[in-house]
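Scrolling down, you'll hit the structures one after another.
Two complexes are shown next, each including chain A; its partner changes from chain B in the first to chain C in the second.
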Partner chain A sequence: MENAKDAVLDYVRKEYLEDGDDRVVEYDTPLISGGIVDSFSMVSLKVFLETKYNIQIPDAKATPEAFDSVNNIVELLKGFGVN
Partner chain B sequence: MSYTQTTRSIYGNQLEDLRKQGIFKEERSIYSRQNSDIEVAFPIGAEHKHVINMCANNYLGLSSHPDVIKAAHEGLDSRGYGMSSVRFICGTQDIHKELEKKLTEFLGTEDTILFPSCMDANAGVFEAVLTDEDVMIADRLVHASIVDGMRLCKAQQDTYKHSDMAHLEEKLQLHQNKRIRLIITDGSFSMDGDLAKLDKIVELAEKYNAMVFLDDSHATGFIGKTGRGTHEHCGVLGKIDIITTTLGKALGGASGGCVSGRKEIVEMCRQKARPYLFSNTVAPVVVSGALEVIDLISKTTERRDKLERNTAFWRKGLTEGGLIIKEGETPIVPVMHFNAKLSQDFAKTLYDDGIYAVGFFFPVVPKGQARIRTQLSAAHEMHHLEKALDAFLKAGKRFDILHKTKQEVIAMYGQ
Partner chain C sequence: MFNFMHNMTSYEDTFKDFTWKSVEEELGYKPGDFINIGDYCTDRNCRLGRAEKKALIWQDHHGNVKNYTFDDLRVLTNSIAQYLKSLGVKSGDRVCLFMDKVPELYLGFLGILKLGAIAQPLYSAFGSESLFTRLDDAKTTAIITQKKHVPKIRTILKDMDYLKYVIVVDETDPTHSKDKEYIFNLDTCKRVESFDIFPSTAETPSVLHYTSGTTGKPKGAQHVHYSVISQYITTKYSLDVKEDDIYWCTADPGWVTGTSYGIIGPWANGITQCVLDSGFTADNWYSFIEKHKITIWYSAPTAIRALMKEGEETIKKHDMSSLRYLASIGEPLNAEAVLWSDKVFGMKFHDTFWQTETGSMVVSNYPCMKVKPGSMGKPFPGMEVGLVDIKTHKPFDKKGVVGIIAIKPGWPAMFRTYWNNKETYDKKFENGWYLCGDRASIDEDGYYWFVGRDDDVINTAGHLVGPFEIESALLEHPAVAESAAVGKPDPMNMEVVKAFVALKKGSEPSKMLELEIMNFIRKKLSPLAMPQEVEFVESLPKTRSGKIMRRVLKAKEWGQEIGDISTLENDM
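Our next item is the complex of A and B:
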């Protein structure tokens, strides 16, 4: 089964990069501070994580810092028992 | 708590940070009526200068139209200056109901409710009609007031890539288990000047049993053959469930906005929308002016037709002259510079040459997408546009960006 790290990376690339986008997203790429995901479209990432892993991420934990890279997101998911 | 030196320095430091980042906003004082020619002092206190205005939302040139001013005067005399009340206590006059009826007819909807602004309409409508059983699926480039309104609502939020219909369809499929799906879009996107694919959006809404929300603030009065808006342009009049729009742009430019659409939704707003319930009624003078505006634009399409001709001239002139613009058909024409400082310097050069336009850069637009957003008006005469075009091309030559590709401009100035 695909691990969370790869699943999140794959989702971020598909969800936030446009066709022909020359930006590169890796595990440690800054997403929010790097301007790839903004505070508005970040809600889609939250919907994805909650739907895929059947969890509820409280707003207090869904912060721009927690969502600022794939690595950070994976750390957040560990708190919900997702690896 | 008193306002201590420490508190003062907290704000002082934040303001200083904004200045250092180059994103501190400064106002320019205008000493004339809003028009295509204005008298400006910039910075405030500087010598007054007469300039051609290329950045107002005065699309139909009605902000200072004599008939509108006359109607506003008459409204002031007959209905007074203010109502000192919210609508549902003692703030509703006959003219408020009359304006709501006229807007309903003009927009081709079932009913309309006025708000103090479209910002307020967007802040109030979602919370009034949706619950946590529902989902809002928004285009990623919708106006900031919609983002704020969505955040005040308990329904789930999701977004789709700008005008990407395949992505919207994926999201509609994902949320089939929700009670209500609401697709949210601007009609004409304010920073890029492109139009929503509203016909496709309505098609998807019908396929996946969703409602459609449209903010048509940058379209009402001039987009579509008779100026009804993006829904007329896309052939979906009567199929949009919720339209919000403003009286603060093409429709006279004073203030006020509305929610127009399905009658039950409008009634829900009357019962539950907090900016309607808890802020003052739109002033009688504004309502009277707006009534005249609706009459003017219902009688003839002359002004929107002139705006269309002005837009075509301006887009063609800039493109043939060698500047990069965002393609489209609306009177919002962004001239692309990509680099924030270049857009600021370009705007300063234009101002020195008698043209008033403003540079936009991150965070107002994405990084590397700095631009000067120009906006056409039916108040522009050909001599205004010829002079403005000449100034833009002169500035383009000075900064050596004429007939250059995006990559070449970025190579010269950075992103």
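Our next item is the complex of A and C:
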């Protein structure tokens, strides 16, 4: 089964980069501060994580810092027992 | 050292004595003279002795910094104007700026104006459909962009034969360029010392900012070069800028705040301003203020509430002592945020109110005036502002009674028309007043208090989003039979988009479908227009004539009385 780190990275690349956008997104690429995912789009990323992993992420934990890279998101998911 | 005497020392005295003519005189302008925003923001500052003064301190999300003096601004805006002219762009042509907050956006804006063309800034997060709607309405001649946004343009280029030039500011490999694409590099371009600025006068069109309404497509509010008179003096009085200030307006020039107070106002005052081209995190923002010793900070309630959410510990890691004045624009600033800023920064955020059509501040709190937390403040001097009755649209003067904010036409920054849409423009005026579409009341002391929109337009994080545009896009999703988009209350953004969706036969509601619909709208229109919640319903409330009753859905979201539903066709 695909691990969370790769699943999140694949999703970000697929959903938040336009076809033809040649920016490189890796595990440690800044997503929020780097302007790839804005604060509104963060909501759809949160819904993706909640739906895929059947979890509820409280608003207090859904901060720009927690979503600022795939690595940060993976750390957040660990708190919900997702690896 | 700062002179701590505020630019406006008494609101009452200023209001009594104020004339627009006195502002013209202060700027050395006489009716009929040449007036060009590009000149006022660049060459004029050099003529006044500010050539070597820093005009722009720009920083990206990696922390890289670029500095530009007013002389750099003068020369490089000449370069851009010259380049556009050499391509064949003419005065009156619409030139779109579709970029993140890079230096080329700020300088490009002024270069376009020097050429006499009309600047059409658009929010770079717009999806291809939102972009097309606005370019098609304006029949835009050229678009200046970054290579990461080029794919969106390529998908719609074939439907825009009027768009002749796609100018990419960060492409380095000419073999990547396709049809109509040109490369312009600000760092390596020829520095043009002298350029014949277009001989614009007061009513020459300058800027086209698109804004959304309840019905129909977004409308292009067209402004003129004379607007600089308003933008100069409101920046001076409401934002209290002084010669030595370091100013930061956090707004994106894709929206009117980012041009009126992120370009024109500060630079017409000869002020050094900072730009941070980075997504929002509290630590980033505080670091930026600390690093550049920002003194005046003009931001938005959504951002302020996000900083509140982050807590005080993050602030304590930074030295915020350079700050001396804070102001806010967008949706109304709640009292809690004002009190919070007083506690953590030792000063209150001063709320301001205005909109795309007004071009400059209408109601504001001023440094010399007591702030009532949660209030919008008082009308700007020189502007006749009042309330009109919600139903009759006739002016009234009763304290504490809610009406629609209205302004007597005639202030310099007022929009002059909606592009190609004079009919809708004319409808904004009644009984000799321009109706803002926002409801408020006035208290015994003359302070305005925001109540809400007078229509179905959704104000999310200070940006107006039209429900019609969202509903039209939703219908293009294969699973959607009909839909309604309304604003639902949100503690961070004031309102966010909520979509009510009835599915076609064969489609079943699910969390995955909700996510698919959200992403569909995000990519097609913009992240702002993306529903943050999708509620699947069997059918939508409609009138007997078949019109969807959004107000019924909105009232339920806001826990309000539904009102008259005698025309309702179906049960909800």
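As a convention for this text, the second predicted complex is superposed on the first by the 83 of 83 C-alpha atoms of A that agree within 3 Å, B and C clash if a C-alpha of one lies under 4 Å from a C-alpha of the other, contacts with A are read in each partner's own complex, and residues count from 1 in each chain.
To be clear about the criterion, a residue touches a chain if its C-beta (ideal position, glycine included) is under 8 Å from a C-beta of that chain, and two chains touch if they have at least 3 such contacts.
Quick caveat: nothing in here was measured; it's all calculated off a predicted structure.
Peer 1: For the combined arrangement obtained by superposing on chain A, do chain B and chain C clash, or do they fit?
Peer 2: clash
Peer 1: For A:V43, using the defined touch cut-off, is the partner it touches chain B, chain C, both, or neither? Pick first, second, both or neither.
Peer 2: A:V43: touches chain B and chain C.
Peer 1: So, A:K61: does it touch chain B (first), chain C (second), both, or neither?
Peer 2: Neither chain B nor chain C is touched by A:K61.
Peer 1: Pick one for A:T51: touches chain B only (first), chain C only (second), both, or neither.
Peer 2: both
Peer 1: Spot which of chain B and chain C makes contact with more residues of chain A, would you?
Peer 2: C
Peer 1: Does the superposition put A:K78 against chain B (first), chain C (second), both, or neither?
Peer 2: neither
Peer 1: Once the two structures are superposed, pull the chain A residues common to the chain B and chain C interfaces.
Peer 2: 15, 18, 35, 38, 40-41, 43-44, 47, 51
Peer 1: Report the residues of chain C in contact with chain A in the complex, numbered from low to high.
Peer 2: Touch residues, chain C against chain A: 61, 100, 125, 147-152, 154, 277-284, 302, 306, 309-310, 460-461, 511-512, 514-515, 518-519, 522, 527-528, 530, 532.
Peer 1: Hey, which residues of chain A end up touching chain C in the complex?
Peer 2: By the definition above, chain A touches chain C via 15, 18-23, 30-41, 43-44, 47-48, 50-51, 60, 63-65, 68.
Peer 1: Could you list, by residue number, the parts of chain B that touch chain A in their complex?
Peer 2: Touching chain A from chain B are residues 138, 140, 147, 156-159, 161, 174, 362, 366-367.
Peer 1: List the residues on chain A that touch chain B in their complex, please.
Peer 2: 15, 18, 35, 38, 40-41, 43-44, 47, 51
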